[in-house]
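Per-chain numbering from 1; labels A, B, C and D assigned in written order.
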Amino acid sequence: METLKLQGLLDRIAAQMAAEPERGQVATYIPELAKIDPARFGIAVALASGEVLSAGDAAEAFSIQSISKVFTLAIALGRLGDQLWSRVGREPSGLAFNSILQLEQENGIPRNPFVNAGALAVTDAILQGHQPREILAELLRFIRLAADDDAIHINDAVARSEQATAHRNIALAEFMAAMGNLRNPSPLTIGTYVHQCAVEMSCRQLASAGRFLMGGKGSPRLVSPARMRRINALMMMCGHYDGSGEFAYQVGLPGKSGVGGGILAIAPNEASIAVWSPGLNHRGNSKLGTEAIEILAREMGWSVFD
Amino acid sequence: METLKLQGLLDRIAAQMAAEPERGQVATYIPELAKIDPARFGIAVALASGEVLSAGDAAEAFSIQSISKVFTLAIALGRLGDQLWSRVGREPSGLAFNSILQLEQENGIPRNPFVNAGALAVTDAILQGHQPREILAELLRFIRLAADDDAIHINDAVARSEQATAHRNIALAEFMAAMGNLRNPSPLTIGTYVHQCAVEMSCRQLASAGRFLMGGKGSPRLVSPARMRRINALMMMCGHYDGSGEFAYQVGLPGKSGVGGGILAIAPNEASIAVWSPGLNHRGNSKLGTEAIEILAREMGWSVFD
Amino acid sequence: METLKLQGLLDRIAAQMAAEPERGQVATYIPELAKIDPARFGIAVALASGEVLSAGDAAEAFSIQSISKVFTLAIALGRLGDQLWSRVGREPSGLAFNSILQLEQENGIPRNPFVNAGALAVTDAILQGHQPREILAELLRFIRLAADDDAIHINDAVARSEQATAHRNIALAEFMAAMGNLRNPSPLTIGTYVHQCAVEMSCRQLASAGRFLMGGKGSPRLVSPARMRRINALMMMCGHYDGSGEFAYQVGLPGKSGVGGGILAIAPNEASIAVWSPGLNHRGNSKLGTEAIEILAREMGWSVFD
Amino acid sequence: METLKLQGLLDRIAAQMAAEPERGQVATYIPELAKIDPARFGIAVALASGEVLSAGDAAEAFSIQSISKVFTLAIALGRLGDQLWSRVGREPSGLAFNSILQLEQENGIPRNPFVNAGALAVTDAILQGHQPREILAELLRFIRLAADDDAIHINDAVARSEQATAHRNIALAEFMAAMGNLRNPSPLTIGTYVHQCAVEMSCRQLASAGRFLMGGKGSPRLVSPARMRRINALMMMCGHYDGSGEFAYQVGLPGKSGVGGGILAIAPNEASIAVWSPGLNHRGNSKLGTEAIEILAREMGWSVFD
């Protein structure tokens, strides 16, 4: 019953978004991503029951980009525990996702694991003592286990395309190296990072993979409940760069966006939500994806502040 | 039963905090506040049932300071609605509570209603067309109604003490005036602001007054449910200045701190929590107050991410 | 002979500038100054011989504004000596003349005596223990003695006009007060400052008044030679705000500009030069005034780097 | 006679500096430079007559480091003319020599050719269409011609030592690449840059090489008089990083310092001065070198403001 109502809501949202003329701007700084059709829209919801409902282009794979930072953070906390926090902070940045300003003001310690510099520090931390391919294999294992789907893979063409234009990320990594907060040669860390960002998933796969942050019975136990709460807190505070406050205000759910146009949002104990629409707003987050999750959360009463 | 367990927990927390040797630093920049005994500790919880449980110095009045910004925000949204957002943003600041840096970079629009500049903009907005005493009377009416307690008052000595050392707030107000984001003469706005900050309440009164943000049956309906959710979102994102990420990570509840050592936190549908311990941590938030709410939220399973 | 050649050059410059269609923008933030006719242009040169040559509207009084900071600096150094440098630095700012950013980063110590914050600190330093009218009387005495002209006065209407829109300067002063770098109540310091800026002089008067920084025989000895060199160094490094590098590059002389459109420049041992054209370039310095001094210095071989 | 007096002064300065116990800190971030004996001190003056006087360790070669930026700037202006200024500004920075902050605020255009980012942009500009070894050969030709000494060379060990710790310069270069202000692969530009900085000269050689900026009869004509004036202006405004104002105030000469402890200063029409003392002050400029030039300029009356 509840499921039928939710399916109807997803269908209505997908129809509304398909008709929307203002779709934002597709990211152009990674050439491979610039080719994506802005008309695409998909949404999927994985419920505590184990069911996955979806609508629109929910079975089509897209580049998850920065959403991958949630999975690498979980792996890094699993391996390093609270030692990770000596290398990266837990506060919102108040600046753009790729800003180098705060990095200088804060002595090479990025503000949080979801700005680019912070994600590089996290990747660098789990890379230490390993080969990039080992780390990428571990990431794929984690995501495939979470999503219960062995077909999930990395798109090498996207990774190479990002690597060719990675000047700003190299600048961030070398700046951290200068401040003593990078342990591997920057090409290794950058190489691992661009491949991690090039994981491809469909909305259905991504919603499934997010269940480990949802809690409750249907949730695979990949991290402890305390860690799950804390990753959710970080997603809420920092998951949408300098649009995190807006997402919390409008949607009220922890979430993480990627420049590929995807968003993963978690309604604790209720649902893991994935949405995909390639056009971005001026903060670099999916324009229609944000609107879709806002409608969904409001209609379902899923805000954590409800 | 549940109530007995909670009372026991509050008593244990109060006893533990009374014995804590490291109590943080009492704020000294407002001379009247510098006199407060750092040994004080109080905690109170208002439940959906209407009951208010407490422990320690929970009946002793303290200066709520910036916690007042939650009430003036509710009043401002009630009067101006979304027009308020043309004058103040909704994003965390990434800087200290009284920073003037971001104000220049963002053309006189403060980042959010809880940094000092933003709170001045909110006070200025509700002051327009009114006398300071009218606004302060409205604020007291709102708080007394929320707390169901007509004894709540403003401490004039504290207000005058803050006014005498308000140079930085005057700088923020005059800077906003220069950028066209102040409508009243700055002495009027500052005068209203320091009096609003000088409201005195006990933990029991403050926990009661916070119930309108709790939702559920026992909650007085002073704002709409949608607005309640949004004020909670702002408290979570920005309520502890540049320690908001840390509070979300450790506690997982929307909250607002004041330099008087008080914190108001909301567990949606469950409880409105007030705590008071005058010593502050390096971010300017109550040291033991934060620790007390962290224990309480963890033991009760009240995190919004649970 | 030399004098005839120079007079011819000044006449050619005045004629060229009169015909110039692009004249920059007259400052509008002080309402009284916004009324000035942008067609005005004057230039005067006081030589070591004592002669004063001029062309254009060189006998018409204008508001010297920030050029006054050179005279107050000379007075402050005379009274306080190197103690002044505990309150203000000696480095270029790299930011706009009225920026508050650097003030926060550098703990309330302005970068140099010619940015607004630094000039406020200088005025505050000489005001201490005195009434504003005493300080203004001393300033007028100093300027009248330097120019050998008792007719020089302060335009009260301009001072009041600036005071009414002084929000940003008040913000700077109050911010310094918060950091412990203001000794008088800000209204006294601001009041003195806006009156000092409202001194009116013609190009002929200003060129004469600048002779004490020229050195050589014809120069009145109001400061020691060592201090004269140092004031010139400060003018070269910081006299044109964030256009100081450009002025040094194009003109090669120490100079100080004001938003009234005046510039005082010193060719050591050779000449004291005053020019006036009310339209400003995007750095806030007189557009045609800069061009005129550039031609004059080049033709006369007066660059300090020649 | 004059020469005898100057030689006596240089001897006295060398003796005084040899006895000075507070010598500043030798730069440690380039390992090869950290080995230099802080007791070294040399000074040399090349006069318009062609004579070169010296005292102390004036014949010992040291690493000129950032002083090389003066020569590459001269080459770049010779090849590109004013087009160079589309890639780098002409204003003091108000920040440390290797700051990345301003680079972000100003869209990848460094403030001036003497901060590290600006020097990288200059090197990148002359490298375009050439091999690094061609550019380094041209630089050596220019310096050898200016100094009239074919023994001047590049120390490969110093270049390699700097390259191994060049993280911050790589960050600056990659950041400029991200903003479209780097034309060559950053390893090529960085490689050229560290070799250019590794030129070794003695004080006698450096003073001789600086004569092309001195003007007058004895000066080799490597740049036009107008360009000579302008390079001097840039040295005065920006040659000592965020200590440029201090150097202008105390010394009153255009100069350029290097972290190897050398300073080149120009007294127009009078002298080209080189000094070397490896210990640096907190701004990164030679401590005793600055003091020595201050005494020399004062005693000789060489300040451009005299």
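The working rule: contacts are C-beta pairs under 8 Å (C-beta built on N, C-alpha and C of every residue); 3 or more make two chains touch, one makes a residue touch a chain.
The structure displayed is predicted, hence computed values, not measured ones.
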Length of the shortest touching-chain route, subunit B through to subunit D: 2
Touching subunit A and also subunit B, the following chains: none
Interchain centroid distance [CA atoms averaged], subunit B/subunit C, Å: 48
Chain centre separation (subunit A, subunit C; CA means) in Å: 55
Averaged-CA centre spacing for the pair subunit D and subunit C, given as whole angstrom: 32
Sites on subunit A at which at least two other chains make contact: none
Parts of subunit A lying in touch with subunit D, wherever the complex brings them together: 99-101, 103-105, 167-168, 170-172, 174-175, 177-178, 182, 186
Subunit B-facing residues of subunit A, complex: 89-95, 102, 111-112, 215, 225, 228-230, 232-234, 236-238, 242-246, 248-249, 252, 254, 268-269, 303-306
